[in-house]
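One chain, chain A, appears in both complexes that follow, with chain B as partner in the first and chain C in the second.
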Partner chain A sequence: MAPKQKGGGVEAASALLRAAQLLGRTRFPVIGGLLTDIDGAVAALALAKKLRGVIDHAAGEELARGSQIMRERGASPASFGETRNRADVIVMVGSGPLKRDPGLFQDLFPEEKGLPRPGDQARRLILLGDDLVNAPTHVKLTQVGQGGSDLPTLIARLGAAVAERPVGDEGQGDPLAQVAESLRTAAFAVIVYSVADLDEPALFTILDMVRHLSVATRAATLALAAPGNGDGVNLCSTWTCGLPVRTSFAGSVPEHDARRFAASRLIESGEADALVWIDALAEQGVRRPKGVPTIVLSSSDDAGEGEADILIEVACAGRDHDAALYLPAISGIGLVKAAHPNQDKPTVAAVLNNISGLIDKREAA
Partner chain B sequence: MLIRLKGGRVVDPLNDRDAIGDVFIENGRIVEGASHGRKPDETYDLTGKVVMAGGVDIHSHIAGSNVTLGRALMPELPVLAAQGGASIAPSPDAWGAYATGIRYAEMGYTTVIEPALIPTHAIEAQIELASIPIIDIGALVILGNDDFSLGLLRDGGREAELQDYVGWTLGHAKALGLKVINAGGSEAFKFNARTFGLDDVVPDYGVTSRTVLKVLQRAVTELGVPHPVHVHCNNLGIAGNVETAVATMEATEGLPIHLAHIQFYGYGAEGEEGLSSGAPRLAEAINAHRNVSVDIGQVMFGQTITISGDILRQFDGRRGAHPKKWAIDQGDGNGTGIVPYQYRAGNFANAVQWSVGLEIVLLAEDLWRVLFSTDHPNGALFVRYPEIVHLLMDRDERARMLERLPESARQVSNLASIGRELTLSEIAIITRGAPARLLGLTDRGHLGPGAVADVAVYTEQKNKTAMFASAHLLFKDGALVVRDGEVVNVTWGKAYHVAPGVDAHIERRLAAFYDRYYGVDPSIFGVPAQIAGRPDRFATVPCLN
Partner chain C sequence: MSALTFELKGKPGQRLDMSPLTPARLKDLKPKEIEALAVGATRVALTVGDLFKVKGKDASALRFVGTDARCDKIGAALTEGEIVVEGDAGAYLGAAMKNGKIEVKGSAGDLAGASMSGGNIAIDGDAGERAGGVLVGDTLGMKGGLLTIGGNAGPLLGERMRGGFVIVGGNAGDYAGGRMIAGTILLKRKVGRFAGYGLRRGSLIFMEEPKELLPTFGDCGVLEFNYLRLLEHWLRETGRPIALGGRARRLMGDMAALGKGEMLILA
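Showing the complex of A and B:
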């Protein structure tokens, strides 16, 4: 173990002790980032509960939005495997999904024939929105919605068309009416999107569309996984306390609130008085909220030295050690073997459990 | 350390015991008392108490991606259930993993089987199960709607390979047994089928549900897996489906089979409403087929949620959702359907369901083959077990409940005419001895020397709901974990599984299959022993050959 403290070069044990001291004094800390594996999430949830704090994930905004739709109305998802093998019509909402997963087209449209599937039409891809994309040559691609309409408007109009309500001025010739017809005649239509790109009304409209279609045929949604093991952490939170991330353990029962318990809001408003920021998946471009005493657990070599009050170097899940992470290909949690096994640094779980033990000791003393 | 449990009424049907006496515990095991001749280190005076083995639950959905999808859909479930009078804390975490173990222990349960492990999601399920304290667990892994099995059956003559595949799947998921849910039905749903019976043909694959089921049943038997194939039949919840259940029993040709939550198949189509109790017909068939065991799947009135790999059935059931929301997860293999549901005493169909479950138990000749369950949470939350025990043991309690049912339901029910009251010993059979034996967990479910010292002590009283709601004491592996209905010591149990040996060629075939169709290597969903973070978490139950 070689954790560093602000200013660097201090003993590991001392950093952990200082972290425990800092957290032992807090009133309402946030455990945020949560870019970690399932073991790390388990430990973070336990620590948040002990400290009567809040848990949130770096992708908390989209996770909480997806969770809200689920709580209010439910869901009709298909797994990645079912979409890849059996969907004959795939509608992709904007180019957001492709930006998140550049290999998406290849994975959804492999060249080899898939598992037995319903219907006999060739598989096709419909791209909704303004961006131009290049699909593999063996995929039949239709693009609809060029000309400036934003995604929410396109989705609202497609929703109306699927329900066979008037969609606007263009009448029967409207390309969206043709998309709706493709969806109705599909054997298994899947609408692929990233929750991060869409607001709640659009997400509800997509769900309604799929449910309307599935009365007569088969239809489903496929939301791209959140970055940074967001879905894994969210699942872990749900089986642990019954609620998704952005949950507070300050009261007698856990409480979830997508806005009140957003890490950034709690830090900026000063409601939270400390932050434990976990960044152990080597993700790029994740921004940490600033303004309260902060303990950073980082697997990055250039983890902003001098910025955190306490910096603890940790192993990178899936690179330095085997890790349970959400894997989109199986639409669930799977195991990633360490790419370069390295036991020099402790895991997030080990560090958090250590700090937790030290807090217990302090309290007992 | 020698512990003496002194002077309680020891109810231990597997050892033919129901008498006042002592039970001795040493090093986590039950030991012979008389041969010791030495002074116990600790003695509990259990005068007026009932001493039983720890409860063993053969079918309860407590973990895995399907259950957690239910939690995500309905965090308010415990609050609504508590408002309806269920004995559960009104908090979202009351149906989280931790609370599940605590509540089971408070009721005197020590082993619970999660019956629907999705092969590709086995890691999540096993991690969740490992975060449930106190109880031991086993899990049943689902096949029968997966394209690999169906592909082997389409090609014909591939039974040996299928057997290897079943063995591989059990080992890969660290499962204790095999579950088959509406064999072929979920696959048919993928081709837009909306009903699927025993002799319906799986589209494209050209095999019937009957064939899929029988081949998987033979595979489990041939592998020597102690627990017989655990089956969720076709046509769940449909009037007249008692014929499906009976046909399934007849299809088994004497090989062992366990039919889950049989109440949901106990419906005749008689009467003005076209729905009646099929319990007498079902009980007669169960009595006659000695290779068949069942668990009840008892329904209780109140708010719950239904979670099932029978996606075709759940898709249809979405219309009855209460509250009005549902999730239809079209996943690999079976997929999952989640539909919140409220059973109401004033609802004719719900009242018939409630009656049918009790009738099936009360009409059983051999309770070693008719096991206790609610199919938690599908028929009722597991926290309601004590109320069901009460109903089975007390005909006045049943009469009191019958009063609340619609007259139309009472007319098609046989419950009023059944005077049988189960004894404590019979309760111990259906909640301990029988499930342990059927699972091949021979070291539990009884209090004979050598058995694991999982011992539940209850205060004998007329009100059986109160008696079984909170154990006076519970010992897990010889350690006191519950006192006066409250957990005093949080311990961590084991996960039991089988590990059949399989031919290595199956791994190569599976690697090619998963690479082509899913773009992954199957090792990513195999459960490694260290997944739970505790070195002694997993324990192997030997196969019988």
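Showing the complex of A and C:
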């Protein structure tokens, strides 16, 4: 299918030209969504810099929060493999991590015997907060605080118990004191959470807990990766301009602000005057902010035709073409071979670089 | 000499970066040079002259008239002089300021007084989230000075505060005084959930009992505090008469953090 433009099909070149015209006239565009591979992110950052606009990812809220935690306090992250192979006590904070990755239990607790690991305790899982569904039977499971306190309060109480500071009248019978004891006697405890579920102060308390435990034993955190290659794009942004997503290139130096430069806020408030929305990973349920002239780069077949001012079909990273993506399983960026190689459609990087070249030509003319 | 006054001519089509407009920066500039200062925050260049009617001469006292919530960084990194805002202020009001005085007749946006280390900010209206909190790129919140909010304060008030004094006349949002290391926050009305979460040291003084208290604070009972009498005296001397009395219920915490902070609920 040929790239589309509002009101009917036109040639690919014309769509690109119109996109370049639209962007050339803007004063403060947002490059959002960023559901793309590393090459696409590199091109998006270059375009944002050229247009002196803003970059944000669809999961920008949690990415910015995660970056803030790392910036202000630092962290002791464990990789996924290290957690699976070496952790004897795993604490999962709420059911958010499971909702994000339904296969998480099976991946963290494989049924077959694993590699040699520190300590001689049986591996166990402690679930803090929400009710649990489908726990595998071979896992020794303890649940604490389900249906009762909210997560921030449970985390605070666990933090106090880990540090052995007195809290109210709760004695040794307090299940949280028992969880804290398990963490202190663990050879390698890992606390698993999703940044999207927790407010910053609660996240900092988790980090303090890990820091405290690490004085006498080993402990670490495993934060679930953001959807849509969010961590890959965030890392790419950081190594390119020194700042995470939600960064503006309007001034003489890039400026990061998790609230002012959120794509949805910029568009709702009318501060941004155009949106380039990149959706090339076939992710479900990602909402595009609406209200300004929009160029959509999409790999899905039902990409809201008629809603975008200019719709450009692109290849799906990792499906149609090889792509560098953040892979949670290796806690790093790796190359994903195309599942069904298909060169009919251009990549996000190719489209953005083309638009960028056309803007240059237009400005030179 | 009359205060150097910047009157906004109309609603700007973009956010503004007002950080160049401080007494220290303007005192040696000629009117033409002031009008040429860039205050835009997009690639469309905007200067002071494009947006403001500039009157008056005394650069040690600035007046901003008719400003709105898009006027960011008013008095940011202020080191001397006085700024009066007759209107609203955007984000970063007085952020990282070291000295001087800022008075806002309207409300302020997020991060008012963030990471400030001295001086005095008085906001008549409300303040957004993270007032007295941590500036992007910094690791500590407000380190010194006085921040007064007449209306309501948003969530994360005084986050990671390291020193100074904050007074909130209205209500405060969730996580008031979160992760504080030192300093004092006086809350005259209600607070949201999780006040004092992660408090290491420092004092939260409540004139009204919070609806919810974290279980990680230990109740020490009602005690007499000469400190409160001294504080009341100082407030009265500096023109802020607030009756505190000398008795308060004291809760120590947050036991999840260092546990050496306190919440004083006036009795």
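Everything below uses one rule, namely that the second predicted complex is superposed on the first by the 360 of 365 C-alpha atoms of A that agree within 3 Å, B and C clash if a C-alpha of one lies under 4 Å from a C-alpha of the other, contacts with A are read in each partner's own complex, and residues count from 1 in each chain.
Heads up, the rule we're going with is that contacts are C-beta pairs under 8 Å (C-beta built on N, C-alpha and C of every residue); 3 or more make two chains touch, one makes a residue touch a chain.
Quick caveat: nothing in here was measured; it's all calculated off a predicted structure.
Participant: Please tell me, clash or fit, for chain B and chain C sharing chain A in the overlay.
Facilitator: Result for chain B and chain C: fit.
Participant: Which partner chains sit in contact with A:360 here, chain B, chain C, both or neither? Use first/second/both/neither.
Facilitator: In the superposition, A:360 contacts neither chain B nor chain C.
Participant: Touch check for A:84: first (chain B), second (chain C), both, or neither?
Facilitator: first
Participant: Would you check which partner chain A:42 touches, where first means chain B only, second means chain C only, and both and neither mean what they say?
Facilitator: first
Participant: Looking only at contacts as defined up top, I'd like to know whether chain B or chain C touches more of chain A.
Facilitator: Comparing chain B with chain C, the partner touching more chain A residues is B.
Participant: Is A:112 in contact with chain B, with chain C, with both, or with neither (first, second, both, neither)?
Facilitator: The first partner, chain B, only.
Participant: What is the value, to the nearest 10 degrees, of the angle subtended at the Cα centroid of chain A by the Cα centroids of chain B and chain C?
Facilitator: 90
Participant: Would you check which partner chain A:241 touches, where first means chain B only, second means chain C only, and both and neither mean what they say?
Facilitator: Touch status of A:241: first partner only.
Participant: One more residue to check, A:71. First (chain B), second (chain C), both or neither?
Facilitator: both
Participant: Is A:307 touching the first partner chain B, the second partner chain C, both, or neither of them?
Facilitator: A:307 contacts neither chain B nor chain C.
Participant: Quick check on the superposed pair: does A:256 touch chain B, chain C, both, or neither? Answer first, second, both or neither.
Facilitator: A:256: touches chain B and chain C.
Participant: Just how close are chain B and chain C at their nearest CA atoms in the overlay, in Å?
Facilitator: 6
Participant: Enumerate the residues of chain A that count as touching chain B in its complex and touching chain C in the other.
Facilitator: Shared contact residues on chain A: 71-73, 256.
Participant: Help me check something: in the complex, which residues belonging to chain C touch chain A?
Facilitator: 13-15, 17, 40-44, 70, 72, 91, 110, 129, 134, 136-137, 139, 156, 159-160, 174-175, 178-179, 193-194, 197-198, 214-216, 218, 254-257, 259
Participant: Which bits of chain B are touching chain A when the two form their complex?
Facilitator: 63, 65, 67-69, 71-75, 78, 89-98, 118, 120-121, 123-124, 127-128, 131, 147, 190-192, 203-205, 315, 325-332, 335, 338, 516-520, 523-526, 528, 531, 533
Participant: Mind listing the chain A positions that touch chain B in their complex?
Facilitator: Residue list for chain A touching chain B: 38-39, 42, 67, 70-82, 84-86, 107, 110, 112, 114-118, 187-188, 214, 217-218, 220, 235, 238-244, 252-254, 256, 322, 324, 327, 329-337, 349.
Participant: Okay, in this complex, where on chain A does chain C touch?
Facilitator: Contact set of chain A toward chain C: 27-28, 51-52, 71-73, 152-153, 155-160, 163, 165-168, 199-202, 204-205, 208-209, 248, 250-251, 256-260, 271.
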